[in-house]
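Below, chain A partners chain B and then partners chain C, in two separate complexes.
Moving on, here comes the complex of A and B:
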């Protein structure tokens, strides 16, 4: 059984190639990372959260659409000669938390904090979820789509 | 009550979330802020150290003093404008930073890059790697002690040698630092006539002087005492933290994207990354020394084999809106002097003219994330050596 088949069996989605981003349900996120770690994907690479602003009902989209988040995780297999990576994403509704990978990978600590700080995705079971880049008393999450670059702030010290 | 904290080892890992009582009169702990403006932090990085006498009990890192919101800016800029600000991320190796985002754009746009441009990019990357490692070695000498033979003097020698590479780049692109020479589909500047007469002697001089530098530092007993066995990062911790580049290879992770996932022209030559198993400050230093030698060898190969042909696959940019990517998403990683610089790109913002989301994976931030694990149990003076040996660049860690 190849790794891609095992991943497909676990998540119930069709996975052709691990390097092409595939979608995973939030409840399978942690188990998938555990499976991939045992399959040799032991190198923690990155996590990237993205905010998709919802739409208010308009002419083109009479129903409107809710605001959503996507969190992509990348793990690498450090094999001499032929290294490959696995990239998957989890789609979340607004306010829905995602499992933190800190119990498996120490690097998920700061990376998770950065995404929490800039995008506002909440990581469950994170031991120390604080802002990383912005000042502690900053309001809002700057990498959200509805956060305008021109947003005025009192001068920071 | 006295706290006995041992340095990180596989058998006895350090708990970075240790709960310490700062007001316990028996423990008598002290809080010391190292940085943000401290020369050993190589930029503005603050570490809050909790000390028991001279031994570190707990270390808390505070990055973010140089946060400029690059990822947010990228969502507003056109594709051809982005590389100019990505240059400033890792300001020690801007040449490779440009390549990283360009590779992601080319992958999604489906642009073919001519072979000459690929070889030229690899050649420039190897030069930049030498220049970047020279800074790492020189500043590490400064961190370990200017009073040692080979402290401040090594720093000056390294900067003198790096100057030659900056001259080479200036001859090519007109800029000494932020080159802006890569564009989507190729390069902007072709090699000027007689460039090799400038490049080859520079490589020879650097290689010859590198031996002197190693003599000065690695063969110095004071340097050995301060680096050997200090700040050991076991392989498992390095994997979990995502330590790439020389820092990871010094801990025994045999992974180099130039060899294992070849991009540019690296698939056509043999790359021999330097791997060590000790994982201490000295191993990280020696990995960088070996990488300079390897880069000089590769640079000669790339220069000798530079193929003829066009330098860019696309027509010259008529305006900033000439690159359009409607949709798609990808992750692309390449090997910078510090480690794997990844670009996670979701295209399709601003009607295809800008990225919807551009996430940069900075190797330095992962390296800094290791300090809560490896500083406790060490002396305060060793903290400086460990921070220096990680060679972080705050410009890319904070972005």
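Moving on, here comes the complex of A and C:
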């Protein structure tokens, strides 16, 4: 049984190959990372969160679309002579938290802090979820789509 | 001349200084010593590098063998306690600015500040970004501006020589013009917060900067108003994460409410548009029916003479066309 088949059995999605990004439900996120770590994907590459602002109903889109977040995680399987990647994506509704991978990978600590700081995704079970880049008492998350660049900031204290 | 009847020899608040001013020969001695001290300090400007980005590379290059800024006596020291000149080389962000001010406050007098490069002078093309301050002179007073993006090591050296000339002129008691802030790109709009010593600068900003330094724990932790996730002090970290989730959900609900409102507005607008279109179509249909009725009536009236008119008009039309 290949790793892709195991992943497909766990998540209930069709997975052709792990390097092509596939979408996973949020409840399978942590279990999938655990499975991949036991399969040899022991190197935590990155996590990247994206904000989708959603649309109010308009002429082009009469239904409208809700505000969502997407969190992409990349793991790497280091092997002598070659290496392979696993890349998956989790779609979150607005305000929905996601499991942190810090219990599995120590390197997920500051990366989760960065995504929390800039995009505003809340990571559950994170040992130290603080802002990383912006000042400590900053309000808002700058990389959200609805964050205006002209947003007034306090007089740099 | 005495003011308010007081002795005009009391020109200093410190009586020792007053005594020195009245004793013969002391002024010559102190001015000589002052000249000596100025000569020494102007030829041993120890630099404290506040290098945050690419200007710091040129700053490092100024210490290499080709330029060798050490021959002016400007040694780079890594501690603010040992520095005379703070060279701000690079972009200063909102998070960095209170730290810069904190380090500036730790430097002993006399001290000078050199703004090196466009970003330190005015923020330049990062000026409009939410996290960049529009020039370091909104936080600390700047003596010398070194323009460039980044400036050469030679330009930095020229700036330091300008600083030396300024120090000597001030020792001689001459008036030295304040440095003119060089115009860089995107200088068309004034920043919201004016620079130090500007008449239009708000009075509360210095106090706000002091309060911000307090919030960093600079003057004791009792001034710290929020912890680092923005919750009030005293909230447990576990509760903090829960509070974060709750806050995110509240924000999402608020956004969803706004979206519902917009959707209702859109639906109302669509309904109004459809009603208007329907009314217009009805009016058009009524007008068409009326016109048809009129046409029928006219046709009924003119029905008898149509054949004779047509027979008369046809040859006349042929005659007009060549």
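Note that the second predicted complex is superposed on the first by the 155 of 157 C-alpha atoms of A that agree within 3 Å, B and C clash if a C-alpha of one lies under 4 Å from a C-alpha of the other, contacts with A are read in each partner's own complex, and residues count from 1 in each chain.
Just so it is clear, a residue touches a chain if its C-beta (ideal position, glycine included) is under 8 Å from a C-beta of that chain, and two chains touch if they have at least 3 such contacts.
Note that the coordinates shown come from a computational prediction; the quantities given were computed from them, not determined experimentally.
Placing chain B and chain C on a common chain A by superposition gives a fit, with no clash between them.
Within the superposed three-chain model, A:79 lies in touch with chain B and out of touch with chain C [touch as defined at top].
By the touch criterion defined above, A:45 lies against chain B but remains apart from chain C after alignment on the C-alpha atoms of chain A.
In the superposed model, A:28 makes contact with neither chain B nor chain C.
Residue contacts after overlaying the shared chain place A:134 against chain B and chain C alike. Within the superposed three-chain model, A:142 lies in touch with chain B and with chain C [touch as defined at top].
Once both complexes are placed on a shared chain A, the shortest Cα to Cα gap between chain B and chain C comes to 5 Å.
Overlap of the chain B and chain C interfaces on chain A: residues 128, 131, 133-135, 142, 149. The touching residues of chain C, when paired with chain A in their complex, are 94-95, 97-98, 128-131, 133, 138-139, 192-193, 205, 208-209, 211-213, 215, 225-230, 237, 240-241, 244-245, 248-253, 255-256, 259, 262-263, 266-267. Interface residues of chain A facing chain B in the complex, by the touch rule stated above, are 19, 21, 42-46, 48, 50, 72, 74, 76, 78-85, 87, 104-107, 109-111, 114, 118, 127-128, 131-135, 142-143, 147, 149. Residue ranges of chain A in contact with chain C, taken from their complex: 54, 56-58, 64, 66-67, 93-95, 97, 120, 122, 124, 126, 128-131, 133-139, 142, 146, 149-157.
For chain B in complex with chain A, the residues that touch the partner chain are 16-17, 61, 63-64, 67, 69, 71-73, 76, 237, 239-242, 244, 253-255, 257, 259-261, 329-331, 333, 340, 342, 344, 346, 356-357, 359, 361, 365-366, 368-369, 373, 398-399.
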